[in-house]
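Some structures are shown below for you to check.
The same chain A turns up in both complexes below, where it pairs with chain B and then with chain C.
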Partner chain A sequence: MKKNNLILYGVLLVLGLTAPFLFPAFKVQISFMLILIILAMTWDVQGGQMGYNSFGNILFFGIGMYLCASIQIGMFFPLAEWTESGGEKTFLHTPTQYFQGLAVGLVFAAIVPAIVAALIGYGILGLRGHYFAICTLGLGIAAGEIAGGIELIGAGQGMTTPPWPKGIGDTELRAEFFYYICFALLIATFSFLNWAYKKRFGLVLNAIRDNEDKAEAMGIHTMRYKIVGWVVSAFFVGLAGGLVGNIVGYIEPIEVAFDGREMGVFMVLMAILGGKGTLWGPVIGASAFHIFKEGFWTFFLGWQYVALGFLIVVIVVFFPEGFMGWLREKYPERFGEVIDEADRKAQVELK
Partner chain B sequence: MNKISKLLVTILSAIALAFTSVSSSFAKVEGEYIVLGAAVSLTGKYSTNGKHTQNGYNLAVERINSKGGVKVGGKSYKFEIIYYDDESNSKRAAQLAERLIKQDGIKYMLGPYSSGLTKAMAPVTEENKIPMVEANGASRSLFTKGYKYLFAVLSPANQYLEVAIDLAVEKNGGKPVNIAMAFEQDAFSQDVRLGIVDAAKRTGSKITIDDKLPKELNDMAATLAKVKATKPDVLVVSGHSKGALTAIRQIAEMKVDVPMLAMTHCDASKLAKQHGKKSEYALCAAQWHKTLSYKDKFFGNGKKYDKDFTKEYGYAPPYQAAESSAALLVYKDAFERANSFDTEKLRNALAKTEMQTFYGNIKFGSGGQNTAKPMVLFQVRCKGDTCENKVVAPTKWASAKLVHPVPSWSKR
Partner chain C sequence: MDYLIFKAPILMVQASMDGILLGILFALIAYGMALQWGVMNIINIAQGDLVIMGGYIAYFMYVAGIHPAFGIIVSPIIMYFVGWGLYKLVINKVVDRDLFISILATFGISILMQQLMNFVFGADVVVAQSNFGTTMLFDNSVTLPNSKIFSAIVSVVFAIFLIIYMKRSKLGRAIRATAQNARAAKILGVDTEKVYAATFGINAALCGVAGALIAITFTLHPYVGLPYTVRSFMIVIIAGLGNLPGVALSGMGLGVFEEFADYILGTEFRIGAVFMLLVLILVYRRFKLSRKREYLK
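Moving on to the complex of A and B:
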């Protein structure tokens, strides 16, 4: 690792670890930013590196959220009674129960979406281009409608996640606790993808994006890699979902869990804003997006989506390759690209 | 990578600076203003009702401020509200509650529109021990959780249409009736459904159709086809404003004859204006109606409120606006009785509220729901082409007699 990189990672790590104390009022706000970064990064595995525009990653988010909450409750109390008639009853977890439940819940919130991704992926990753995009778009919407009909998880009434147990600190501790879990998850996601992109896995994903037929002709089992890619995304997105359910405290099928209209679109937007197909792009995009959204959103009371639309137009027109793409074009040598001036000129003249 | 690293570090420090510079604003009581926080739906599927809520809040703030404000500790204070747009999204609402409390330093909250959003915000306000007086979250499950800082000026959702079932049974000579019902998949409508299920059990009535409608309701033809085939005694529909409009449009198009049609949100959706004669005889549950004879010294009575509101915003106030205004009156009363800005003292004062407003009597039960005010039912009646809502139940305030059964489409 280069010295500069080390400094950068060091600064980020220290900033991440101290953030709850530096900005005590923003703990939950920053936790959400970390979650958005995770969503953008995992979307980029398909959308950026592999060239498959998936609108269905929100499916894993929702599954993780419902599963984690259901297990947290179901391990100790009857789930059906908890959600009955709009969740009129609430049972109290002891601290030990709470943390046991959360740990087991999160494990399942990671594994089950990954399995679902493998199964669905086997079925639909044969589709390409628009067909894949449309198909995944349907997945999220269908899941929301189905979840809205299952009484056990509260149906249209939604369900509450277990409240923070009494007797071990207040809401500040709760916010700090979830902040650090989110931060740990982000580090895990980043490190894993950073490692994977440098291996053969990353190269194959890029090969699929650049020319899938050629990659196949060269003897690569593209299907296998595509599925593994989606499983990786589902794993981390499911975990993120489980955490968000607990941070928000209330799960609703369409607006919180399978929120394709907001989270599902945002994750695409953030990755493109930062520059898709790069490691840092989604990180920068998600951070910038969240800060823009939280900082300026409230000034446009009622008009924020018009502002967002304007932002999208600006991005598409001026930064079609995103922030990282723009940097890359401007300073190609920083990205390790060598340009032969004489050759470039010759090509321009040819045209 | 060198330059990029530097750039990143610069951006990060800029962000850090921006964060620290805004986090120091504290705003529970600023100068002569008592600052309340509210997230309302200005965009998204609840934007119509969110606007009613906001207008109701604003009118009351203006009125209270111009009539001497709130007297605490011998000094007169004015109300001010910080608004955010929750985009009709419960995740956003919970985030905004957090933001209002933690970042803006808000100590007193007003509720959002709809049960779902209130359900999302209540855990946050409760954990932070911030009182929230809400006017638009009627779901029964809000009041069974033992929330101590949540107070609702409205009657719980399960009471909305129970009366209609009782009425139908009464008109049927005390014999059980067949009920067809269709409810949107959201917290409020599902609660209204629970009320109907209870009423059906109590009266021994049979539920013949029990449909779930999707959110963003645009078509309920499938349910109506079943209604046409099975001929129930009562059809109950609830799905916020959009649901009410869709139901009336399609019932008229398909000429569905049913002796009693009971709904929610007729006045918020301006049913009588939008659909005119097509909506005639629809029976609607409402928290409030302008002809009720409650009084207070800020708005006078319901009729005066109706006039003032219409003058200010150019349309007649639906009950969603009236109850929102009432929430501010409750706050004013509680602040003056607590004679303090301390949230605990204010909370205790709120719990002891017992007052009359133009909107109705307000007294909070142990769960925070208003126990002092009954629901009203009205029926859309037309004279020529102008249609109006007439109160038909409870009989104390009834200004018209219930028309039952509804004349069939062939005779209209």
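Moving on to the complex of A and C:
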């Protein structure tokens, strides 16, 4: 089993490293797929492992995106002028400035959402069930509406992120550069969560999901763990947001940054499609969803969102366990579950 | 303070009157949400989209040359069947399940309805002119469109009618029995499946009335449904389930809050203020309840 795992990880790693050369036309799409996997995995920390169904992780995505872009610009040029008059035409980043700005911007895009999560976490994570779900839904939309009213970051029209500096290669290099950053971020997210789920942290999250009151009665500081879980999500989602802002090149409050209607729903949908509460579920769900979306979206010709709504209803109503849940039902031995045939028969008879 | 509303105090009267009339309308939508929440334990994210759909029915009557005020009769009838159909297609499969499943399923319905309306009715902001004129108060310094007064009166009439219906009729009694204890109601011969379908239909019909009123007093756009959902959710959690005077009062309070937020923060922050208020109220409630070691469940 261990050896198989190593081979699997090796194959995936090689595939990931060579993907931009294997599929040169789809570099940006594959980067997006990696970002979606990160979003689904971090959503699963709340939604799957902890049982707190958050619609608001998009908040950290948007904060990371705006913050990263603002710092990239604001470090070298006046931000207000940039957003006001299409500053990317008047101001140009030199390559050194560009990479310095990106590095500092990404650091802040990770840390600030994590701090925000820690600050609001104490208030919001005390809510349970549907109150939490609707509260976080409100949080994401409120953030989008408020960002749409702030002049400094371009209000409703949005702002552009710094363009790729001239003189160090073309858009192909840019796509490859961002692909590898996304890939590194995915590996970091995956290995961190893989490590954390095996520790006490993962056990506590599952205990909170199964019965929070009992977990608290056992002496676990559930609130502390819930906040740490949200901080972890916010950290990686913020980084992903900063990257997406740079890949897309244009930030708009409701359609791109606080995009509750697309990204915010996608991350929930992907995690459920793959099977929530598992490590690999979100990965599988996000890959399948993105491939399906990119492959068939164009056939819907403007009916994409109708199809999306339909897809949500169908998946949620008829397929709530996801791929991993289905596999688990089918091959329980593979998941380390021992089945007592007599007990199972007795249960079937009881039904 | 540099705000216009503090310079001209008469604007406060204007904002309060507008807010109260608007709030009565919100309370009507919230009443529908409280009904299905109490009976079926479902929070319908598509509530606001049902409202907007009802509004479009009234708008199309207006386009066809009929006075849009008749929409308050036609649109609930159509919306009743829409709600009934939605129940039979989707909701009946999620009634007994995890609450999150129902939230997500209705969220999917919400997206579906938004987009379908976007295709069928177009993405323009539309308004159905009622030509009711306006009433001037206090030396013409406060203007109230008659359509708003009309909508408030109609909301109250419908709410009273529904309350009496729930108290007196056989179906109303069945609905209340199911809300109290679905299993016991079933044992005593209530067809709960039918009751659920009727509840969802009545809720949709209420949304249809509210939508028709919104079509003549405000504007319609396919994507503005979610704020109505959040408003009604907020009203219900402030008032509590089954507290009808509370629903009316907190609806009016929310309306006044919104009008003041509109004047003080600016129109671009209006929706943002509503959603922030939701977050603040929930967090406040959580701290208030956690002092007693009770949880929101």
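Basically, the second predicted complex is superposed on the first by the 332 of 351 C-alpha atoms of A that agree within 3 Å, B and C clash if a C-alpha of one lies under 4 Å from a C-alpha of the other, contacts with A are read in each partner's own complex, and residues count from 1 in each chain.
Simple rule for what comes next: a contact is a pair of C-beta atoms (placed from the backbone, for glycine too) under 8 Å apart; a residue touches a chain by one contact, two chains touch by 3 or more.
Please read all numbers here as calculations on a predicted model, not as lab measurements.
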Practice item. Go through the superposed model and pick first if A:Pro78 touches only chain B, second if only chain C, both, or neither. Key: neither
Check your understanding: Looking at the overlay, what does A:Asp259 touch: chain B (first), chain C (second), both, or neither?
Key -> first
Practice item. Based on the superposed arrangement, let me know which partner A:Gly149 touches: chain B (first), chain C (second), both, or neither? Key: both
Review point. With the two structures laid over each other on chain A, which partner does A:Thr298 touch: chain B (first), chain C (second), both, or neither?
Key: first
Review point. Thinking of the overlay built on chain A, is A:Gly10 touched by chain B (first), by chain C (second), by both, or by neither?
Key: neither
**Study point:** Comparing the two partners chain B and chain C, which touches a greater set of residues in chain A
**Key:** B
Review point. Looking at the overlay, does A:His130 come into contact with chain B only (first), chain C only (second), both, or neither?
Key: second
Review point. Touching A:Pro95, do we find chain B (first), chain C (second), both, or neither?
Key: neither
Check your understanding: First (chain B), second (chain C), both or neither: which does A:Pro320 touch?
Key -> second
Practice item. Determine, under the contact definition given at the top, whether A:Val268 touches first (chain B), second (chain C), both, or neither. Key: second
Practice item. Residue by residue on chain A, keep only those touching chain B in one complex and chain C in the other, then list them. Key: 145, 148-149, 155-156, 302, 305
**Study point:** Residues of chain A that touch chain C when the two form their complex
**Key:** 53, 123-124, 126-131, 133-135, 137-139, 141-142, 145-146, 148-149, 155-156, 213, 261, 265, 268, 272, 302-303, 305-306, 308-313, 316-318, 320
**Study point:** Footprint of chain A on chain B - complex, ascending
**Key:** 1-5, 7-9, 11-12, 15-16, 18-20, 23, 42-43, 47, 83-85, 87-92, 94-95, 98-99, 102-103, 116, 119-120, 123-124, 127-128, 139-141, 144-146, 184-187, 189-191, 194, 212, 214-215
**Study point:** Partner chain A, residues of chain C touching it in the complex
**Key:** 43, 90, 93-94, 97, 99-101, 103-105, 107-116, 118-119, 226, 230, 233, 237, 266, 268-269, 271-272, 275-276, 278-279, 282-283, 285-287, 290, 295-297
Review point. Across the complex, what residues on chain A touch chain B?
Key: 2, 4-5, 7-8, 11-12, 15, 22-29, 32, 85-90, 145, 148-149, 155-158, 160, 163-164, 170-171, 174, 244, 248-250, 252-256, 259, 262, 280, 284, 287, 291, 294-295, 297-298, 301-302, 304-305, 327, 331, 334
